[in-house]
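Attaching a single structure in structure tokens format; questions to follow.
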Amino acid sequence: MSKVVDLCVIGAGPAGLAAAARAAEGGLHVLLLDEQSAAGGQVWRNAGTALAGGLMPTTQAEKVYHGAGAALQRLAASGVDHRAGATLVDIAQPETGPETKSAPEAAPGPEAMVEITWRAPFGAEAPRVRQTAARAVIAATGAQERPVIFPGAELPGVMGVGAIQTAYKQSGLVPDGEGVVLAGHGPLLLLTLAQIRAAGGRVAAVLDLGPPGAMAAAARALPRALIGDPALMAQGVGLMLRRALSGVPVHRGVTGLRAHGTHRTGSIEAVSFTSAGRARRLPARLLGVHDGVIPNAQVSRLLSLRHVWDAGQGAFVPVRDADGAVAPGIWIVGDGAGIGGAGIAAVDGEQAALAVLARTGRARTRGAASGPQARRAAFRRGAFPARADGRACHR
Amino acid sequence: MTVDVAIIGGGLIGLATAFEARQHGLSVQVIEAANCGRHASSASAGGVRSLNRHMAEIPLARAALDLWRGLAERLGHDVGFVQSGQMRLAEDVAGMAAFEARIARLADAGWTHERLSSARHLRVRLPDSAPHCRGALVVDDDGFADPLATLHAYRCACLAAGVTLSEGCAVHGVVRAGAGALAIDTARGEIRARHVVNCAGAWGGDLVADERIAMRTAALQMIVTAPVAPFVTPVIGVHGRKLSLKQTDTGAVVIGGAFEGHLRHARDAVAARGDLDPGRIGASLANAVAVFPHLAQARILRAWSGLEGIMPDGLPVLGPSGRVPGLIHAFGFSAHGFALAPLVGRMVADHLHSGAGVGAMAPFSVARFGTDAPARQKEMSDA
Amino acid sequence: MGVHATDDALICRCENVRVADVLAALGTGIDGPNRVKAMTRCGMGPCQGRICANPLTRLIAAETGWSPDTVGALRIRPPLKPVLLMDYLAPEIVPELSA
Amino acid sequence: MSLFRRTSPPAEAITIEVDGRAVNACAGDTVATAMLAAGFGSIGANVKSGRPSAPYCLIGVCFGCQCTIDGASDAQACLVLARDGMVVETPQPLTRDGGLA
């Protein structure tokens, strides 16, 4: 058994799955660490159960999980050592040349190891922290909802709209009963609204935090932004959203959002805000908030990499080269390098895997470098809209 | 325009010297390559310790304690000083014997601030300490302070007192510039000063071309846990183990002990940093759990490292340069400079003002590194 | 930084740091996220900035008028997630990739 | 009254223990979604104030669901799959309604 793995991939969402499978198919020895309890990341969460009809009608599952089934089968067939529930603790960049004050720092050789410190899955026997040396690392740690800061945001009963999505994908949970309010903007809010109503739930109000016109733009952007295959989804979802919005009071241009309640009870009591110049207060038990998604930058910050602010996304993104490399032996791919959605993430992962294969002299002609590159450019040109959901205006 | 005093290095030593020099009415400029307190000052566990000090440093450490007691008032900002006492545990008979020998040696030199504490007292004062501990060496009026609060206090006090603070300004060297003046070559051009104080920490040995002083840069690792129930007030060390452990008022446990990480970009004061060595972190934690077994269940929230200049004999370089008149050295505190900073600031400032005080700095003079001086036996105490 | 981030809103929910506390720190000449963290403890909790880092940079940028690139972001330290001390005592080397 | 209800066909039923009480859940739930479905409005507690905290992100980012599971106090309920017989202890169980009654 080798003392070193050729490649360690962090994160088993669309980008990580593509990177790990492509590298293993190219003959590399791949360790895939993912802190979630099953492969698929957030967009393809619990894909296996859903596609087997265990969560939602399979027709709906095929739309929501477009591409997930193939990616999971590819992973299973690729021989990647996948550790679900394994948490990344630290990444130490390869040892540079002998570090003395007089000798300038020598660049690490091709065989320089990246040291991964990780914690074995829940339930493994202590001490759970493990160390693995890897010739290369591809970090694909995805995105998170941008935290919305307002008084009362920390009260039980306030959660991200993405979290409501996660509760639905993980366990088929849907907000229940009176006082369900959604506040924010962007495609995810509308998709969640539609799912709640499709499951017989009621939404008391939608508070549009985006600038004027954001709600309509979000409706147009939804098919591509969230669900993999734009062509398949284009018409159906637009119709579903118009029906979902009917009969739900929408308060536009909301400012001064505040949630009211105590920490003791498991839900809030009310939300207050200003809309069209008027102060409002609505009884509420569950408030879902959403202000877009941002890269999970913990790994790129841990590595002290250079970042630049992407004004469109309202977040920092790590500076990468064409293949997504950020340091000797280290690549960052997928939403963790900048929000692009599931489609681009898979291409990004594939691209980095090919760069790792090329570096270790094992680049196979099948799926040569130009393939994903060409697909990636095509995808960028046409498929993904400019950021459509607008931003809450800055103070 | 020539400033009275230019201070190279914006860590605690530099800021303390700047503040005290201003109190003497001198015009002062601090020149810092990165930002104030970037390295050693923010990697300290905050121990204000005279316990187990190198004999030459005891007078400084005891005098520093008096200054710490009044420091918050003097600076107008809280520094988080708590007179918690410091304890150094012994896990076996050999440890207790070493403590007894230490106390005898101190008594011969007229010092009585360290005392022995029996296993029974230890059980009462530290009920969570491991049963095998045999006793402790204790200094009751030692304590700890909050390094970040102290740094902020000095920085604000310096600005309020009219110190010029130039951050992000790297220094390339110091040379003589005519009668009674020195020229400092910086990234933003030349600065002239009547006096220059070298508080450049790990980079202090490279400042003067013809007075290079060999020192090692170490990336000392610190670990902090999530809050746990209060179990200790004094700062804890252990005979024969690299450990410094303290519990803050928020309940968090700060664990240090001079375990070194991997040095990166050592020569560049801005980019230099220490990457952590998981194996050595494990060793540091094992020392903590050996003495406080219940800490095994604590959660580690963060680990970081700061760069320290370590001198071959473990003592700082403090006092006038042997080659460049008007240049004063104050660096190389080898991981135990936090407690001494307020006093070193006063000593150097008083010397700048009146020329006096060279005698008190003699044991730490740069002269000891003359080509013929025998390499001192390394008697380094714990951080 | 979003028109809802009033002074009493929590920007760091791990350490209970309010927007007002950050503004007070900025008032004393502290100008970067890492120095605001050292002064207010914003970002020192278990999530280590996952919730407060983005809003903190945007709040400092909005208050100082600087660009987010100039303001910078919180440094992130290992461990990326809180780890039990006993789990970290002797990191086991794992090259053997058993099932 | 729970903020959520289940809409998917019944999966294999399991039972976990939360602060000493038996809680019905389904295979495939995480401990967090199992507790949300069973009406727990909060799981974790703020380390400084002790006030109850609830899942905000459900993907392991916000630490609102940090609790002790099978003796491990570093668990995030949203990242741990619920298993039959699991023992969950929430921090500060008495500070929330429906806590250790």
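First chain written, first letter: the chains are A, B, C and D, and each begins at residue 1.
Methods note: a contact is a pair of C-beta atoms (placed from the backbone, for glycine too) under 8 Å apart; a residue touches a chain by one contact, two chains touch by 3 or more.
Keep in mind the model is a prediction, meaning the values are calculated, not measured.
By number of C-beta pairs in contact, A-C leads over the other of A-C and C-D. Closest to the middle of the protein, by Cα centroid, lies chain C. Distance between chain centres (mean CA atoms), chain A to chain C: 20 Å. Rounded to a whole number, the gap between the C-alpha centres of chain C and chain D is 26 angstrom.
Chain B and chain D have Cα centroids lying 46 Å from one another. Between chain B and chain C, the centres computed from C-alpha atoms are 27 Å apart. Chain A has residues 35, 89-90, 117, 127, 129, 131, 144, 147, 153-154, 296, 304 in contact with two or more other chains.
Each of the following residues of chain C touches two or more other chains: 13, 45-46, 48, 50-51, 77-79, 81-84, 86-91. Of all residues in chain D, those that touch two or more other chains are 46-48, 53, 56, 60-62, 72-74. Considering their complex, residues 1-9, 11, 26, 28-30, 33-34, 36-37, 39-42, 46, 51-62, 69-70, 72, 75, 78-81, 95-98 of chain D touch chain A. Every residue of chain B that touches chain D in the complex is listed here, in rising order: 226-227, 250, 297, 299. Listing the residues of chain B that touch chain C in their complex gives 35, 42, 148, 151-152, 155-156, 159, 225-226, 276, 278-279, 281-282, 285-286, 288-289, 295-304. Those residues of chain C that touch chain B in the complex are listed here as 28-30, 32, 35, 38-39, 44-46, 48, 77-79, 82-86, 88-91. Residues of chain A touching chain C in their complex: 1-5, 29, 31, 35, 81, 87-90, 117, 119, 126-133, 144, 146-151, 153-154, 209, 255-258, 291, 294, 296-299, 301-302, 304, 307-309, 314-316, 392-395.
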